[in-house]
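For reference, the structure is listed below as structure tokens.
Chain naming follows the written order as A, B, C, D and E, and within any one chain the residues start at number 1.
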């Protein structure tokens, strides 16, 4: 029931990512020990918003 | 309004409470003619006599147990422990009886006792005249644990402690006994137990502290503002148990960053509970780690106390760390 | 200070030494009066009352043992053989004096006015338990100025001395009476308590129930001093060694010490020599550390038998009548036990009360947590009762 | 391999160490003929005599101080505290001397002492025969604090403790003294201090615990698997100070969720330090709050111990809470 | 147990009582021999040596005071007036005996072989401090079997008794010598220590430096017992009261007690009556609680003056020669002080050593934290030295 990828982000950042629809496994952390910070998530969210919507995945 | 240092404020509080209430008695080693080694009880024996200002034989166990008996019978004893470092002989009596007699007796007996004494370091007192051992008491239900950081609070908190129906451990940071002077009203006032105070407002990081560290925190905050432009909110807990969680949570809602500064050692120091409580109940408020600036987990070293205790550099580092998040 | 102590003080101390190494008794183990002067000046009615308390103590003691075996009482510390100390010492006190018992003073509770029902409520920790189920083996009730003992052996000693100081300070003419065991004399609390008692000359009577054993540790292993009473001398407190199985001498000596204390004459330490005839507690097995022969020899000295012989020889009550009293109380208590067993238990959240005078936020949070837990238990079909 | 319960395993450890090393002596109240009230020292007096299996006068302060002196002179005393609840009279000696003599003497004297005794609740022992007071010792630098959860570990940890050059507080959860039996090798083996053990692997949540709670945790984990399909990793710390942070961090890297279960009270219970350490150094591993399942912050209540102590429902709730994150 | 203590034991105790309430002295305050039998059988050379140790103790004591006033020593507890107890008790011991001092035994350290330089290293907590700057006012060194005292008053008493038990257990013929104050007799540690000493009959000599004061609390407030020696009787330990300012009787009585202990005769409690002529510590002001007249009267009893008169009258050394010795040692120590003040301080991370036998992970983490902090301090231009 868990992801195999180790995500490093404090709970508050994880919550924000959920709210903004950011997939944390795809975010590069700039915080201590490479952890993802709130700013990292906001930046990723901004890029998501700027980028064109992804093509539908093949079934 | 007279200007007082903490020793004078405490002396005044004792004097006023003894005048107000015949049940208040003072006891301990050298509290009589000597007036206590820091002179907190100075002059009381002249005003109230030997039966109310009691020089005891040299045993903390005896002092505390004797005071428990007095309190159960209806007095309001204020027991001085000459240095809080010497309290351990009394630990059995404090835990089992001062803290728990109400519970053990189904509420039939209470122990309205104040155990007070100089605590904490910074005056080259060495291992046995410098300890910050509040954790042992915070972990013991039934006790209030109090530590003032200013003369004003010292007087108001000691009065509340004497009037409380529970046993109070009242810790006096001796390094600021005489270094801080401020206006202290002559009239009767109290500072309620369990309520913290915002020493200064800030928006970037919340610094929770108490006792002499409040003043260190203020210095550090200034440096952080000047050097880094960060705005530090400082909270003085004043009562360490029960601690004022609401004021801390409210501050964290603003800052999202928490640093705790205390003279007690780090491992199971009071900061451990604050950090644990926040991460248990309000972790979503945190942008990053909860940092503790505490003494190291060694006995108190006479020769290097300035490196052992929290200092400005350590606070500076801890705040810088949490500001990375 | 550079000289010997004055001769008169040395003489006084020699006299104290004799009392501390002697052995006062009014009535010997065969019920014979051996020292008229040590018989208290009390009426026949008083004597019968005293004997009745001893009987009641023995009866309720045996019921507590039974209830423990039935799993109703968590633990019991038997009183058998030590009834004379508890009853004889408590009887001469006034209602407004304070008594600090240990855990073998059922007789003292009864003398103070506690009923068998109240004792059972406590032992069963039911809804009427005045101590709210906080601990086992401990009894006390403010209504009778009977302070619940701390379980840590000897803690009550310096506390009681502090209470005695408070009485003196407030100008009352009350006193404190404190009980503790031979083992307790080794603890720091004894040292602090006796020393403060001496220095502050408090109105206190301190009674050692020297029952020869501290669980498996014999009296001789507790201290190399020849008696326990002699320890008083280290504190400037007179120590008197008496036969604790002779309720008459216990009454007399404690009564005198109490009046002396009341008049401002200071504290007295009484070593009441007695013997624990049962196990240390219901969790103990004495055969591991002492021969049953010893117990048999000691049966001869036990206080109820002695009182029966004494009363018989004095024409107060025949041995047969005296034994019948035991039967009678046994039936009465059986009745009470039945009633008490039917009482409801303590409420579930009782232990959040009385931690502080007012509940701080964390106690309130935890009280809510308990409610939540009880709900979860129900959901999961779990029960917390055996 | 003989099957033993914890009492037998401890007794074996003592017997073997006493055979191996003449410096090992045992002392305490009723440790001789009586064999200790739980029979941990049963038979030792017959084998080793009164000088090595010493019934002492009734004072914990005396027992501990006497043992400290023995240890400083070169013996390896194992001091029994009949119930760990009675240790407070010895607190002064434990803190100032057992824990700190090495430091105070610049390393010239050490105190290789083991203080052992039954701890913890669950057997209707009431306020003074049920306490879990390890926090007082964890907060005191210089001490090791150990608590086994199985007969195997009990033997191995006690041997390590006796051979350690530091003072060790060795806590024996009396509720599992005789309830768990397992194979215990006859040969000499040790379990190293400071190393935890993964009791069972899991992927959803890390449950850190010790002592009797290990067995409760296993029951709860089964229920959680059956009812909710969650996979619980259980870590038995075994040594509470210094605790094995690496094993916990490694587990959190997998699960991201932490629940701590202990019989000690919550406020400044050992869980506070674990939670604080993780939120100070590894908060980025956490998906959500760190939950503590502990006893309530009241004295131990005889009448309701089953509701006071951690129980399956409380663990169930705590895990359910963290699984929401 | 149901009988009085045997007559012979009572008689024995009466004799003990006399010793405990008496006052042994060989030489009076004017240097006159008052009891030949209490003079130790030692040579003139030994007497000069003993006097020299007393002189050296006084000299280093005064230097420690000076250095404290200069801010070099954190705190000092003056020894002045009590040199005879420390020197007289330590001198008869063997090198392999263990000494547990308190904080007024400079003379004992010297007798054990500690040099003035070593005392100063310790007091200044410099790089050569064997106790590594851990605390103030405390001295000790394993090399001399001189165990550093705990600052909590009296802690060393039961610890030393445990060490004495270990000696006995291991079959050694060594003993322990323990020093403590009148105030210390009130602590639980005294009670436990003396009681264990009695029960286990350990080879120990326990010396009370009864200097009449515990800071401001006079001896009479410490206990209502007429003497402190009488406390031994509570533990089956003989208590002997002596003139602690008469180094001859201290030597004699401790020497006898030590040999008795060595031969398996058990412990002795010695109450050495003395007087603290200075303040309690450099942080104290005695004028708050005692009249300076008292001190003046007590000067007459001080031990160095007495020794000079004694030696003069015995033709061992004139008073003038004896006084010159003090001058001589003062110059020597001045030299040493100069050298010691130039020594480097302890390393910054010294306090992470000796917490455990091996550093656990959290100590290592914190040691790194200190390094980091020192770097930050440098960056910020902060210093931790005054």
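Methods note: a contact is a pair of C-beta atoms (placed from the backbone, for glycine too) under 8 Å apart; a residue touches a chain by one contact, two chains touch by 3 or more.
Keep in mind that what you see is a predicted model, and the values were worked out from it rather than measured.
Undergrad: Treat each pair of touching chains as one step and give the shortest count from chain A to chain E.
TA: The distance in steps between these two chains is 2.
Undergrad: Steps needed, at minimum, to get from chain A to chain B via touching chains?
TA: Shortest path length, in steps: 1.
Undergrad: What rotation angle, rounded to the nearest 5 degrees, superposes the C-alpha atoms of chain C onto those of its identical copy chain E?
TA: 180
Undergrad: Centroid of chain A to centroid of chain C, CA atoms only: how many Å?
TA: One centre to the other, that is 71 Å.
Undergrad: Which whole number of Å gives the spacing of the CA centres of chain B and chain C?
TA: 40
Undergrad: Compute the distance, rounded to whole Å, between the mean C-alpha positions of chain B and chain E.
TA: 35
Undergrad: Please output the residue numbers of chain A that touch at least 2 other chains, ranges allowed.
TA: 10-11, 31, 35
Undergrad: Considering chain E alone, which of its residues make contact with at least two other chains?
TA: Residues 129, 132, 134-135, 150-152, 186-189, 191-192, 195, 199, 221-223, 351, 355, 362 of chain E touch two or more partner chains.
Undergrad: By residue number and range, which residues of chain D touch two or more other chains?
TA: 56-57, 59, 61-62, 88-89, 92, 96, 103-104, 127-128, 141-142, 267, 283, 286, 288-289, 297-299
Undergrad: Per the touch rule above, enumerate the chain pairs that touch, sorted by label.
TA: Contacting pairs: A-B, A-D, B-C, B-D, B-E, C-D, C-E, D-E.
Undergrad: So in the complex, which bits of chain C are touching chain B?
TA: Those residues of chain C that touch chain B are 98, 129-132, 134-135, 138, 140-142, 147-148, 150-152, 155, 157-167, 169-170, 188-189, 191-193, 195-196, 199-200, 351, 353-357, 360-362.
Undergrad: Which part of chain C faces chain E closely enough to touch in the complex?
TA: 1-5, 9-10, 13-14, 17-18, 21-23, 29, 186-192, 195, 198-199, 201, 210, 212, 219, 221-227, 230-231, 233-237, 241, 243, 245, 273, 275, 301
Undergrad: Across the complex, what residues on chain B touch chain C?
TA: 25, 51-52, 54, 56-57, 59, 61-62, 65-75, 77, 89, 92-93, 96-97, 102-110, 141-142, 164-166, 194, 242, 245
Undergrad: List the residues on chain B that touch chain A in their complex, please.
TA: It is residues 256, 283-289, 321, 324-325 of chain B that touch chain A.
Undergrad: Could you pull out which chain D residues touch chain C in their complex?
TA: Answer in residue numbers: 29-30, 32-35, 37, 55-59, 61-62, 85-86, 88-89, 124-129, 223, 227, 266-267, 296-299, 301-304, 306-308, 311-314, 316-317.
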